[in-house]
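For reference, the structures are reproduced in the following blocks.
Shared between the two complexes below is chain A, which has chain B as its partner in the first and chain C in the second.
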Partner chain A sequence: MNPLYEHLESALQRVSGFIYPNEVELHWGLLVVIYPYITGLVAGAFILASLEKVFRVKEVEPTYRLAMLTALAFLIVAPLPLLAHLGHPERSFEIFLTPHFKSAMAMFGFVYAWYLMVVLLLEIWFEYRADLIAWRKQSRGLKKLLYWILSLGSKNTSPEAIAFDRKAVYAITLIGIPSAFLLHGYVGFIFGSIKANPWWSSVLMPIVFLFSAIVSGIALVLLLYYITSMVRRKTPDMPCLNKLATFLLIALIVDLSLETLDFIHRLYESEESIEILRRLIFSKLFLSLTIVQLLLGTIGPILMLAFARFSRLPDEMKRLVYFVAAALVQVGIFSTRWNVVIGGQLFSKSLRGLTYYKLELGGVEGLLFGVALLVLPFVILYVLVKVLPPWEDTRPSEST
Partner chain B sequence: MPDDRAACDRRKFLHDLAKLPCATLLLGVVGPLETLATETEEGEEYYAMGIQVDRCIGCGLCVQACKTENDVPQEPYFFRTWVEHYEIHDDGSATVESPEGGIHGFPPGDDDRDVLRSFFVPKLCNQCDNPPCVQVCPVGATFKTEDGVVLVDQDYCIGCRYCIQACPYGARYLDPRTKTADKCTFCYHRITKGLLPACVEVCPTQARVFGELGTRSSPLHRMKRQDSLHVLKPSLNTEPKVLYANLDGEVR
Partner chain C sequence: MRVGKIPGQVVRLAIVLIASLVVLLLVRARFVPESFGETGHYRADVVPAIAAQPIRYAGMQACAECHDDVAEVKASSYHRGLTCEGCHGAAADHVEDPVEATPAVPSGRESCLRCHEYLGARPTGFPQIIETIHNPMEPCAGCHDPHEPTPPAVPGECSACHRAIASTKSVSHHWSLDCETCHLTPQKHRENPRAHLPEKPVAREFCGRCHDRAAESAATVPRVDMADHGGRYPCWQCHYPHDPEGHS
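This part shows the complex of A and B:
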């Protein structure tokens, strides 16, 4: 028997109440959960990086280049889950050739291309240009060729050229902040604009997506900064970590407030769908929403960060608490994406029953492939960090 | 001097580069505004279907005919049309079922509560005049024809399933053989030859009425004159062209 039919047959057995017959198959699985999770990390990491450049938050400077490379590594992977989930990935280029401009999804290619080419690559290039030239001079053979290619043959290291680089980075960051908002706000809009689905349809959706993106991005850079410092046997810069923790705390509080507002608004309006959504929250989503997203992923980290930030704990303890809080935040945000994407399909649009979703282990929509997609950005980041070391103490342009 | 020129070229390059995506984004913003100006056209050939709920006996012939005529997968997870059975109980609660889409009819259930009223509701794509599925399709593979029927181009659909998410009526499925979205076409291959859709053709009680909205002589027009008509989920402003006569408020 066809594995799909087998899967659907067992899903049909677990349906409760009435669902439309075509709703047995759940259409957006783990891959579509991973996609907003990854773009959120991109947008969040970039917004953190821009704090240093635009808002002159000097404390977070040690994380600037790391945050930019992280954003790039994740952005490279972002389209992969989307491509993999398409019925016809070979036709995906039609989105570029004949886009349907009224479709939110059609804009993905353009938003993505804009963000990758105009914002991230350009900003990283200007940021690293002088270093690339210096590294080219220092290295030999293939490595020299690599840096020559990466620097696009640029040779000018005059003070005027360096000053132009700085101005360019500043200007691109200025464009980049609204672009990052666009990139992830737009992902929220894909869900928020579906009037057929009361769990998704909310004007707050893009804003909630944005703030959860900022939360996840800051937490990821904090984790990476901590881990890379440990690996390099350097003590992480404490004012930097404290600042990151403060920003993470603020972003978490805003995020929680927005989610609470959304929740209260739905409860107060109490529309036709409220009964089925109540059943959804208390049955299928209880673990992933109440326990993981709310308690473990949001309230827990808020308390931990607030305590560690404003107490007199020794620095080692503080760092540990920050680390654990940031790790929990990642789990919480992944859960948030899960609850939106999967949660929105676990009830029937007839509002009379709940559908069923089981995560498979193998296959394109399976757990293993999903884990591979989540590991891939770290592999790319490893390569990026090797080629373009983001550490301040290894900058050639300032030592030469 | 050479430095100045490099800086100038770079600036010009950046400037040119910025133009392309800006223009595209602008189009994306302007595009949706067109919907505000769109008017409903009700020409001679503008198809719609009427369903007389109190005539449906739940025999499931329409579901069978549809699957055969349109080569819909036989497995009970894919339907272009299906029939729902409603039982309203004394306490006001409703029980709804559609075992295998009602293709084999409805055997008596084991719910022995008193039934206040009971009826069958045939469902299908509502061929919305303001179709959310067409709006969201990223490549335009789903489109509305001049005669008002919403179709899917199987050779163009990329299988992203956004249209399935956007349909409020659960009328779409992903055909597992072609990996593209599929749904009722009003039997477009038949109606363009002057024939009736298969489900209308086989209905023994004439619960389904097919016709052109603008033609006064069509049976649909008679139904429009004689019955009070409702559409499903009117609050979503999809403007369905499947019109239900004597529809119960419990039906979504």
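This part shows the complex of A and C:
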């Protein structure tokens, strides 16, 4: 038999109810799940870093630079899933040449470029400038050249110049917070504005995305801070971890409330789609939504964090609980993205049937490639940390 | 490096920024097609380029100029909605030079089956056949003039045009009911269906003729309390009449 028919036949055994022919196969797969997940991490890590600068939360200072580098590492990877999914990455620069202001998707390039160039890179540059100069002085050969290029040949370490750096960082952070909101709110907007899809179409979508981004970013920085401390055989700073845990807890609660609000709102409105969404939640998404996203990824961590934060556990135990909670949060947020992206395509526009999604192993849309994309930011982060050590205790300049 | 009151850092960044802008502008100048944006968010030159492609279809009016006999017959037939080139293929070259280039004459059975072989997804009322049992082997044109395909005899079965419904019903609980039990159908419906539509049940009471507790139908017919079963809704709000299900 024609392999195409064979494929269709096996596919049709998995759909239920009534499905339009072009809905059997999903168009947005794992890569489009990874994309909002990664941009969420970027925005979240950045917002956490900004807290320190803007609201002067002293406790989280040890994570400031780590958070900035994390945001940068993930931001570099953020467009890759899209480029891989769309194909023809060599054409992507054209959206910069001929900007299309009425297309939200086409504007992403600008949101991204603004955030990368104007916010992240600038802020990191000002933050590190004095250190770059000091490192240049200490090193020789190629390394010296690298630091010279990175510092753009800047030499001035006078108190006025350093004071200016600080002011610049502050100013950029002020622009940066709305920009981070824009970056991830935008991703939510893309989904929230698809009016034909009742699972996506919701004005709350950008806000829900934003808060889940903050949740995932804080959790990621907490994890990284904990792991890097272990690797460097340092005891993590407990007030810092406690503060991170508190932020994570608050963000989780806000996130859960928003999602619940969205849910109740849908239930109360009871539009004609409610029946199929109910079926979706109780069949195809039961595991990933109810169990993983809600129980394991949200309620579990809330209880763990609340308990550990306000109990008299010994510090080692607390750290362990925080660590496990933050790891669960990552899994939970990933399945949140999954439930949005995949879930939104599992039901028919006829509201009468469900289709299926089967993850391939190989290929560009496959599991292995997805895993590689998720590992890549950590590789980049490793390099960044080597070049720009974020640790308080190894800072060469007296700019602290 | 300090220009007036501007600190050195900013000057250096400004140089990098200006350099990137220059690169961007150069790339733009090199890669954005000249006519881009003249008429919309696309390359305006593409319009004449597409317009310059050779024309392959002539359109039905062109054919009618010479083949007025065929066109006239077809215009009042079942096939009035079809274009000539839908069956004969692109024929602009034939219009240019009728003798040198002649269009295809699709005399095999397949060419008709493209539209008439039974397929559940076709709209209800569309005449369909099952190729293997509808006069197999014989060319269609032997009995149906392709330009005036009125069948030699008026189709008798409702399934000729409503096969999906007929086959659904035949394996449903209503298998024993004739279509005309529920649809009073004028004979003309088979010849000119849209102009003479059959009747459809309009009220709940219709189904009650057999399903009411007091109805005079066979004892095996399941009964419901017409007064409160299903509220005020028509029965077919919940039961598809061609495949009714009574157990959820």
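Please note the rule applied: the second predicted complex is superposed on the first by the 385 of 400 C-alpha atoms of A that agree within 3 Å, B and C clash if a C-alpha of one lies under 4 Å from a C-alpha of the other, contacts with A are read in each partner's own complex, and residues count from 1 in each chain.
Definition applied: contacts are C-beta pairs under 8 Å (C-beta built on N, C-alpha and C of every residue); 3 or more make two chains touch, one makes a residue touch a chain.
Everything numeric in this text was worked out from a predicted model, so none of it was measured.
Undergrad: In the superposition on chain A, see if there is space for chain B and chain C together, and answer fit or clash.
TA: On the superposed model, which is not a single observed complex, chain B and chain C clash.
Undergrad: Identify the partner contact of A:Asn156: answer first if only chain B is touched, second if only chain C is, both if each is, neither if none is.
TA: Both: A:Asn156 reaches chain B and chain C.
Undergrad: Tell me which partner A:Arg129 touches in the superposition: chain B (first), chain C (second), both or neither.
TA: second
Undergrad: Would you sort A:Asn22 into first (chain B), second (chain C), both or neither based on which partner it touches?
TA: Touch status of A:Asn22: first partner only.
Undergrad: Hey, is it chain B or chain C that touches more of chain A?
TA: So, of the two partners, B touches more residues of chain A.
Undergrad: Kindly classify A:Ile194 by the partners it touches after superposition: chain B alone (first), chain C alone (second), both, or neither?
TA: In the superposition, A:Ile194 touches chain B alone.
Undergrad: Touching A:Val203, do we find chain B (first), chain C (second), both, or neither?
TA: A:Val203: touches no partner chain.
Undergrad: Quick check on the superposed pair: does A:Ala113 touch chain B, chain C, both, or neither? Answer first, second, both or neither.
TA: first
Undergrad: Which of the two partners, first being chain B and second being chain C, lies in contact with A:Phe164: first, second, both, or neither?
TA: In the superposition, A:Phe164 contacts both chain B and chain C.
Undergrad: In the overlay, answer first, second, both or neither for which of chain B and chain C A:His88 touches.
TA: first
Undergrad: Between chain B (first) and chain C (second), which does A:Ile264 come into contact with in this model arrangement: first, second, both, or neither?
TA: A:Ile264: touches no partner chain.
Undergrad: Which chain A residues lie in the overlap of the chain B contact set and the chain C contact set?
TA: Shared contact residues on chain A (touching chain B in one complex, chain C in the other): 94, 98, 100, 122, 156, 160-161, 164, 168.
Undergrad: Per the contact definition, I'd like the list of chain A residues that touch chain B in the complex.
TA: 2, 4-5, 8, 12, 18-25, 27-28, 82, 85-89, 91-92, 94-95, 98-108, 110-111, 113-114, 117-118, 122, 156, 158, 160-161, 164, 168, 190, 194-197, 345, 348-352
Undergrad: Can you list the residues on chain C that touch chain A in the complex?
TA: 1, 7-9, 12-13, 15-16, 24, 27-28, 31-32, 36-37, 41
Undergrad: Residue numbers of chain A touching chain C in their complex, please.
TA: Touch list, chain A to chain C: 93-94, 96-98, 100, 122, 125-126, 129, 152-156, 160-161, 164-165, 168.
Undergrad: Which residues of chain B touch chain A in their complex?
TA: Touching chain A: residues 3, 6-7, 10, 14, 17-18, 21, 24-25, 27-28, 30-32, 34-35, 75-79, 82, 84, 95-98, 100-101, 123, 132, 135-140, 156-162, 164-174, 176, 178-180, 236, 252 of chain B.
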